[in-house]
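We call the chains A, B, C, D and E, going by the order they appear; numbering starts again at 1 in every chain.
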Amino acid sequence: MGDIVLQILNGLDKGSAYALIALGLTLIFGTLGVVNFAHGALFMLGAFVTVTFTNLLSFESVTLSETETTAWGSPLEIREPVLQAWFGDFGLWLIDYSVLVSILVAIPIMFIIGVVMERGLIKHFYSRPHAEQILVTFGLAIVLQEIVRTFYGANSISQSAPDALRGMMDFGVVLGFEPGMVPYPTWRFVYFFFAVVVIGGVFAFLQFTTFGMVVRAGMADRETVGLLGIDIDKRFTFMFGLAATVAGLAGVMYTPILSPNYQLGMDFLVLSFIVVVVGGMGSLPGAVAAGFLLGILQSFASMNEVKEIIPGIDQIIIYLVAVIILLTRPRGLLGRAGVMED
Amino acid sequence: APTFFTSAANAFTNAPGASSVTFGFNVPQSGAYADEGADELRAYQLAVKHLNGEGDGGMLNTFSSRALDGTGILGRKVEYVTGDTQTKSDAARASARSMIEQDGAIMITGGSSSGVAVAVQGLCQEAGVIFMAGLTHSNDTTGKDKKANGFRHFFNAYMSAAALAPVLSANYGNDRKAYHLTADYTWGWTQEESIAAATENLGWETINKVRTPLGAGDFSQYITPILNSGADTLILNHYGNDMVNSLTQAVQFGLRDRQVNGKDFQIVVPLYSRLMAQGAGENVKGIFGSTNWHWSLQDEASQAFVRAFGQEYGFPPSQAAHTCYVQTLLYADAVQRGGDFNPCAVAEALEGFEFDGMGNGPTLYRAADHQCFKDVLVVKGKDNPSNQFDLLEVVDVTPADQVTYAPDHPMFAGGELGECNPGA
Amino acid sequence: MGILEVQNVNKRFGGLQALDDVNLNVEENTVHAIIGPNGAGKSTLLNCFVGRLTPDTGTVMFDGQSLIGRKPHEINQMGVSRVFQTPEIFTDLTILENVMIPSFAKRDGAFKLSPFAAVKAESAIRDHAEDMLGQVGMLEKRHMVASAMSRGDKRRLEMAMCLAQSPKLLLLDEPTAGMARADTNATIDLLKQIADSRPITFVVIEHDMHVVFSLADRISVLAQGHVIVEDHPSNIKGNPKVREAYLGDAHE
Amino acid sequence: MTETSTLRAPEHPSSPAYFSCVDIHAYYGESYIVQGISMNIREGEILALLGRNGAGKTSTLRAIARAGSPLVTHGEIWLDHQPIHEMSAHEAARAGVALVPEDRRIIQGLTVEENLQLAQIAPPRGWSIERIYELFPRLGERRKQEGVTLSGGEQQMLAIGRALARDIKLLLLDEPYEGLAPVIVHEIERTLREIRSLGITTVIVEQNAVAALKLADRAIILDTGTVVYDDTAQHLLDNKDMREQYLAI
Amino acid sequence: MFGSKISDTTTLILFVIVVALIPLLAAPLGAGYPALMQFFAIFGILAIGFNILFGLTGYLSFGHAAFLGVGSYSAVWMFKLLSMNVIPALILSILIAGVFALIIGFVSLRRSGIYFSILTLAFAQMSYKLAYSVLTPITNGETGLQLALDDPRILDSARTSGQLPTPNLFGLDMNATRVVDVLGLEVQLNFGYFFSAAFLVLAFWIAMRIFRSPFGLMLKAVKTNQNRLNYTGVNTRPYTLAAFVISGMYAGLAGGLLACMDPLAGAERMVWTASGEIVLMTILGGAGTLLGPIIGATVIKFAEAKLSKFNEGVVHGWFDFLPDGLADVLTWVVAKFVGDGWHLTLGLVFMLVVTFLPGGLVEGARRIGGYLGRRGQKEDLEQLGSNVQGGKTTAAE
């Protein structure tokens, strides 16, 4: 029983990650109609904003030792964290909380990246065929990825959650299990709540303002919306910036769970497209529902009991579910007719 | 009118000219193992320098065979070409073919995964060139997929398990319940098979063996079932990013803080590398595993290599770099000793070759399967690293005879070495 | 016994009764016009004939066979063609290709895999297509890409496409909307000439009364989803119900 | 400004045109479609723009509204002293230009009401949505329906309603009667008169030339992208040759 | 489409000549070795096949690599079980890939647009994931399916040596290479290349016929307006399915040929990025044109093979004539784009081509040609490109 609850928690946690990653993609792909293969790269960039920020915070001053040498004969380097030297405990606190603090940095950076990307490149591709959008954004993704690689290498870079959030929470006790039956990492709860807040925020923004409607209209028919006096370009740019920010934040918060490396984005790219499409093109609630659905099913498919019945099911569950849903529901879970069907 | 002529048939593929000989360094330059590949390439370039008499000579000075003297190989200057395996067997073979067909490489070496090693080894066998394996740890490379033209200096899964077992027994006792998470592909399976057999020999009980998809990213759904499974030890048969993530997450799920069956819960990572340890950060501290070589070894040969490498590049070499460096030297030495570039002569010179002074103590290239037998290092994540490269500490060196197995050991059975192929 | 018999057809869209117990009988080789105010359900009715919509209840018989539940392409193969209210053409292809496709479809049935025949070699089909284009006055433009045409031209092209199939029943949804008066007149003449020269039945929806009264042998007036009047053209103009619902009092 | 004397309204030679196009040329890619069109209209006038299929009427209207295509390469467009030719489509719209396009361009995925709301997002606002529903009760009944599922005629009403939802100075109507039942045509004619009484200047493109000329003050006939006739509507109605040659009426 | 300047026959003859001369043309570029030339031909076939589906119908399959993989596996199994002769292997490759395409196509074509793409992607990914793990007994997983000395090979006579046999055509080995010296240039004439090239020509010819056939016209019509086609009496599903299966069989052929040239079938052949690469080749060259996909495939394979081999040593060699400092700086910069940085170059090329040459390399060349030579040259290129849109002629006066 405890195992089932744990898998549900895993599913929700995974689902929140999937939903959050897919959210940014829905904004661009489902709403602006751009097949953005660089979305994963935005996610990855978010993660590396955190890495960079942490590196900056833990910047060390280097002095060369006069007495000791390394195994290869050069003088030993003595390193001292600058921040600690300057600010003492507050410096340490900052380093400890670097992931959370980097959110504040990531928001403007990712927004600017999104805006630059849209103004510089994507805007020329709104009315171009999807295939060309794929080519250009895939190229962009590779370029971004390689740039990150030149600075950070190909290896994963470990990133820790703040000390206070690193431990476990005994969630089972809440549900009346024995202590120790259903422990779950605190950080994953944090991620879950963060995802819910961001998703809710984006929802509210699009639901309670006309912004969403205008952008949808702009995607359906840019020209007519322009003829109604609306500067749709600005809104598209803003939307892109928003999507980039959401993608980046998803990456920032994911770093303690998955040590980022330069390929992080590509790994999530296919998955996020599947989530968006299974959810139904153009539907935000659809993407979120699909994210959670796939997360939970994936968790359950990975249980030994299930794998014994269907070997390898955990390898393909996501794709299998995608096929089944798309065949039974022509436009995914909550998709609207006519969006990206041609 | 232009004259057409067919070039004279050679006795073997890519017979070198009078002045130079070309090696093919086939390493991952893109993908998850790109850093490892880059380190391998550094080692190769260093080896070439040393062979050609540049630099301080590195392990040429400590190598027990004195055949090489820094004047190239059989008087020919060593040149090299490089290529990208992308850690895909297809791409690796395509790259190796280009080295053989276009650049005239007489020996191919490199790679960072067993799938690639087996695939390229097969190609070299068919093409008639020598393959000196890079980092490949699967039993199959010199087991069921062994080839007469292929040689491996790196250790394998069986050896890791055999080396780890005594240390695990000494530290964690003989009454443990182990839970395996295994990367779901050939290397993972041989690793799992080997370590499970070795630990069961100690008296450990194997609670479960769970296969995880390659590149799963988030392993939480495989980790939570461990919590209430009654297991008190987790064995992670993962490598690369999978290992970094599964270990990080296992620690995150508090496994190491748990008490099960009255014992502290433990995690074991049979195959370690420094680059992975770097990726897993804090989480490796105190975790046992095995490694082929480590730069902190104090023997003369290792130190000579670390010095040469460190002065060239400013940081110590990885185990992959060490293997690649050694492989290059061993090949060159075999040619020099045999006096012939013909792959069959090289193979003959390497088969049954015993040497020392390459950093792992006395070593044997066994004729039966072209596997090297040498001491294996058992390491542990260091609690107080003094710098970013000082992540592992050597806790024990399991002597060669404890990790040696019979050529027809069931885990290595099947397949034939075949005959050496000189091509042409 | 008409070629097209519609009985008790109903169609709802959510809360809206778009077709309310429609009965219609179209005699073979006549021109039957359907008129009615906007939103009366005329296009919806046509959609029920061609398989785009399935009526909730009721029967639609064509040539003695039911059309209900059949796929659009099957219905077309039976000899029913349709011109849409907003032109539906192959915008990326040339005008000539646009007209050749229906001929291929007609000749080859629903599917024929003939990758080794060359379009170029199909002179019979091309001649036929050029003939059709000649009839609608677009022959000189035949190598133009269809997307670059003005809207009136697109309409005429679509008509040529349908005529190329020599259908038994041709459904025209506002064929002359947006056409210049001269071309409208030409279209009327064309339709008349076709109607005279071969066995064909027309069902025409049109708001241009000039067209309706020039062509129609019979007129049905649809309002709010049901047929309020069906009669000979000469009786329609004066019908007070029609005047109120459709023509408006000011109409001459 | 070469042909000013013929273009200016003859009865008020001194009054400056409220809306004027001066020698505009426009291309679709490499096809030269609008080949130097000029026109002048005074405030509150209705101009009928007539001509055969493919004459360039739609292209002219789109050029005036600054739509993406055709591309205007030369010429000036002035509305109430504002240089429209220097603006983008949305700026022109804010300056008071409204186009009711020939294919209606109802926006997919939006309900009738949302289509109208969309028109009121950018200032300046015109009629309230309720007032539009009063004019076209049918739209009110269908307010929650997706706009593109409306019948052809209903879509036409929505397209006109959408233009009225904005506070406009120049209304460009591309075949507004197309597909409308005669009753509705009367309705719209009445509306257009009402619009004129509000002082809105209108350009109407219509195949139903008689209906258009009944309403219009002035008439222009286009042929292959050039102006071949420009005079009062009444004169055209009286000019049998012109009517027969270009309008077949 | 009608009244074109260069006839199809001329195009075909020119094509055959270029293909036959590739060993000579590629040699100075360092690309004249068998493995790479074989790739040109084989990936050319793959891209042509993909273009029959995508270029004509507009259905964007993101799972075509699965058919490639299936073709390779079939061929290697045939080598293992039956004979090293390539004929049975290729027949099985094409057949099995065709059956796979029929099944996947039948299901996936029930949806259109992005939904179709995701369905094909899902099927391909499932194939890949399973091939890599639980299907290892059939696929040999990560390592890839290889020949072994103890394979049965029932049709071939008992083995004679300790060496693996090579795929051959009735005794003619695929890896048989003759090196000839043409004016000091070493030209490698490899049987495997000419064998693949023969298939490339055949594939090109068939594709050309399809493009020009009523069947092809129907496919183009599917792309522009499927709805209209339905109301014109055409059931589009059999057409799209036929196109899908044909293009799947092309991929199967390509996969089989890959195995003939190098008898190993790896699971990565089916991963989504491999499918993506096919898409990229096609778009880079020019989707919907006859030659574009082949050019795209050649460019990408060339870049992959050559760029990654320029390590810093090689690059430094290029700048040796410069003063040391400058040479170092240049080396440092250029090395970022080659060797292990070759992906960066590829990414930039994608971006630049698609931004500045919409429609791909062929369309780009056509435009540039049109810009330079206005009349004469333009139409030639136009014909070679033979755009789906029938050459996008502007209004005829």
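One rule holds for everything that comes next: contacts are C-beta pairs under 8 Å (C-beta built on N, C-alpha and C of every residue); 3 or more make two chains touch, one makes a residue touch a chain.
Protein identities per chain, from UniProt: A, E = Branched-chain amino acid ABC transporter permease; C, D = ABC transporter ATP-binding protein.
Because the structure is a prediction, the values reported are computed rather than measured.
Engineer: By that same contact rule, can you tell me which chains touch chain B and chain E alike?
Structural biologist: Both chain B and chain E are touched by A, going by the contact rule given at the top.
Engineer: Suppose chain centres are the mean of their C-alpha atoms. Which chain sits farthest from chain D?
Structural biologist: B
Engineer: Please flag the chain sitting at the greatest distance from chain C, going by CA centroids.
Structural biologist: B
Engineer: Quick check: more C-beta contact pairs in C-D or A-D?
Structural biologist: C-D
Engineer: Indicate the whole-number Å distance between the mean C-alpha point of chain B and the mean C-alpha point of chain D.
Structural biologist: 77
Engineer: So what's the Cα centroid distance for chain A and chain D, whole Å?
Structural biologist: Here the centre of chain D sits 48 Å away from the centre of chain A.
Engineer: Taking each chain's centre as the mean position of its Cα atoms, how many Å separate chain A from chain C?
Structural biologist: 52
Engineer: Quick one: report the Å distance separating chain A from chain B, using the average Cα coordinate of each chain.
Structural biologist: The separation of the two C-alpha centroids amounts to 35 Å.
Engineer: Return the residues of chain C touching two or more other chains; collapse runs of consecutive numbers into ranges.
Structural biologist: Where chain C meets two or more other chains at a single residue, that happens at 148.
Engineer: Residues of chain E that contact two or more other chains, please.
Structural biologist: Touching at least two other chains: 129, 132-134, 343, 394-395.
Engineer: At which residue positions does chain A touch at least two other chains?
Structural biologist: Residues 312, 315.
Engineer: Taking the complex as given, what residues does chain D use to touch chain A?
Structural biologist: 65, 67-68, 88-90, 93-94, 98-99, 101, 105, 107-110, 114, 117-119, 121-123, 162, 166
Engineer: For chain E, which residues count as touching chain B in their complex?
Structural biologist: 30-36, 39, 129, 132-134, 136, 140-144, 146-150, 161-164, 166, 177-183, 186, 188, 262, 264, 266, 268-269, 304-305, 308-309, 311, 313, 339-340, 342-343
Engineer: Provide the residue numbers of chain E that touch chain A in the complex, in ascending order.
Structural biologist: Interface residues on chain E, with respect to chain A: 54, 58, 60, 107, 110-115, 118-119, 121-123, 125-126, 129-130, 132-135, 226, 272-273, 276, 279-280, 282-284, 287, 336, 341, 343-344, 346-351, 353-355, 358.
Engineer: Can you list the chain E residues touching chain C in their complex?
Structural biologist: The contact residues of chain E facing chain C are 1-2, 206, 209-210, 212-218, 220-221, 223-225, 227-236, 238-239, 242, 246, 388-390, 392-396.
Engineer: Which residues of chain A touch chain D in the complex?
Structural biologist: Touch residues, chain A against chain D: 210, 213-214, 216-217, 220-221, 223-232, 282, 336, 338-339.
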